[in-house]
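This structure is in structure tokens; I'll ask about it shortly.
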Amino acid sequence: MKISARNRLKGKVVDVTLGATTAHVRIDIGGSIITASITNEAVAELGLAAGKDAYAVVKASDVMVAVDD
Amino acid sequence: MKISARNRLKGKVVDVTLGATTAHVRIDIGGSIITASITNEAVAELGLAAGKDAYAVVKASDVMVAVDD
Amino acid sequence: MKISARNRLKGKVVDVTLGATTAHVRIDIGGSIITASITNEAVAELGLAAGKDAYAVVKASDVMVAVDD
Amino acid sequence: MKISARNRLKGKVVDVTLGATTAHVRIDIGGSIITASITNEAVAELGLAAGKDAYAVVKASDVMVAVDD
Amino acid sequence: MKISARNRLKGKVVDVTLGATTAHVRIDIGGSIITASITNEAVAELGLAAGKDAYAVVKASDVMVAVDD
Amino acid sequence: MKISARNRLKGKVVDVTLGATTAHVRIDIGGSIITASITNEAVAELGLAAGKDAYAVVKASDVMVAVDD
């Protein structure tokens, strides 16, 4: 599947924290850590676990820009 | 201002494309390019232009995870 | 690529309207029309045009629920 | 109330899973299942339960498009 | 229609700026201005124009929190 | 840090409900209550608690508009 989302950053899963319904997955992208909040169900379906290769995917309209004061 | 958004990636603006109301800003984050779709107004307010230091900021609930098939 | 987004609805592109930076793509999903607002760049990259098979993809945290009064 | 969100798909609630704060509601839309991640509070306020008529509502800027490789 | 989105702030439209596909609507909520980026199509369908009563509606998962340094 | 998000509403935290991974923070904005769904981790990092001054921050593309029927 090829998706319209502009941002696909390749990395490796650092850890997965399951909640009651919502999991947090942290991915190391060349030294930066990206946190994704996704469903527990998606974690199971993709077999996400520490050490696994994964992409963080973000739609361009969900990216904000900030500058130092 | 300190914000709850989990993901703040430091980089440098590559280019800014203004639209009629919506601009696309591309930021180089250690070699990866991130595209942000924000208002023209925000571009002006933050003084965004090629070469400027900037952060891409993303709320954790807006990050998806993908794996290769 | 396998993605965490829970909602992938298969359909056919009805029409594509390019804007200055942002395009609207309408997809027929078994009789319902879904509108996606994505970048012009993604439209070009995926080769989206009327009649093409495509999926509408939505993260579960972006779906609201409504009921009639 | 009439809302700007472009996508309102009519269906029937399949099941509701309450979490600690976040619930997952699955809605059958003409045979396709859509998962919504909303607050437990909204589930209570709307009286959502299996079998109830409901709409899945999505803003156009939260819809991505994908195509098969 | 009753919607799951937790945040519905009543106000009055200040102005509407149409773009090629995407409009910006500014709403005065008791003295604060809220900017919404929605489709031109939604502006037409809801008949939005300066002076009209309207609500800004936001899903809880799209609200971030910030504090002063 | 100065951010591109168009909407920054100043208020005071009413209450914080921690979940397993996701917290709900309610902020009083001049009499209106805004609910934010953010990570427990962000609540800890910002020291959010009832009575604390805080801003609700929302990207313009996440704001919908509604009108009465």
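Order of writing sets the chain letters: A, B, C, D, E and F. Residues in each chain are counted from 1.
Heads up, the rule we're going with is that a contact is a pair of C-beta atoms (placed from the backbone, for glycine too) under 8 Å apart; a residue touches a chain by one contact, two chains touch by 3 or more.
Predicted model, so just to flag it, every value in this text is computed and none were measured.
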Checklist outcome for this item: chain C and chain F share contacts with A, B, D, E
Checklist entry - Looking at C-alpha means, what's the farthest chain from chain A? => result E
Next on the checklist: From the C-alpha centres, identify the chain that is farthest from chain C.
Outcome noted: F
Checklist entry - Looking at A-F, A-C or E-F, which pair matches B-E on over half of its contact pairs by residue number? => result A-F
Checklist outcome for this item: In whole angstrom, the CA-centroid distance of chain D from chain F equals 22
Checklist entry - Any idea how many Å lie between the Cα centroids of chain B and chain D? => result 29
Item to check | Numbers and ranges of chain F residues touching at least 2 other chains | outcome: 1-6, 8, 19-22, 24, 35-39, 41-42, 46, 55, 57, 59-62, 64-68
Item to check | Chain pairs that touch, as defined at the top of this document | outcome: A-B, A-C, A-D, A-F, B-C, B-E, B-F, C-D, C-E, D-E, D-F, E-F
Item to check | Contact set on chain B toward chain F in their complex | outcome: 1-6, 8, 36-39, 41-43, 45-46, 55, 57, 59-61
Checklist entry - For the complex, which residues does chain E have touching chain F? => result 3, 5-9, 24-25, 27, 29-32, 34-38, 42, 46-48, 52-68
Item to check | Of chain A, residues touching chain F in the complex | outcome: 17-20, 22-24, 35, 37, 61-62, 64-69
Checklist entry - Which chain F residues qualify as touching chain A in the complex? => result 1-5, 19-22, 39, 41, 59, 61
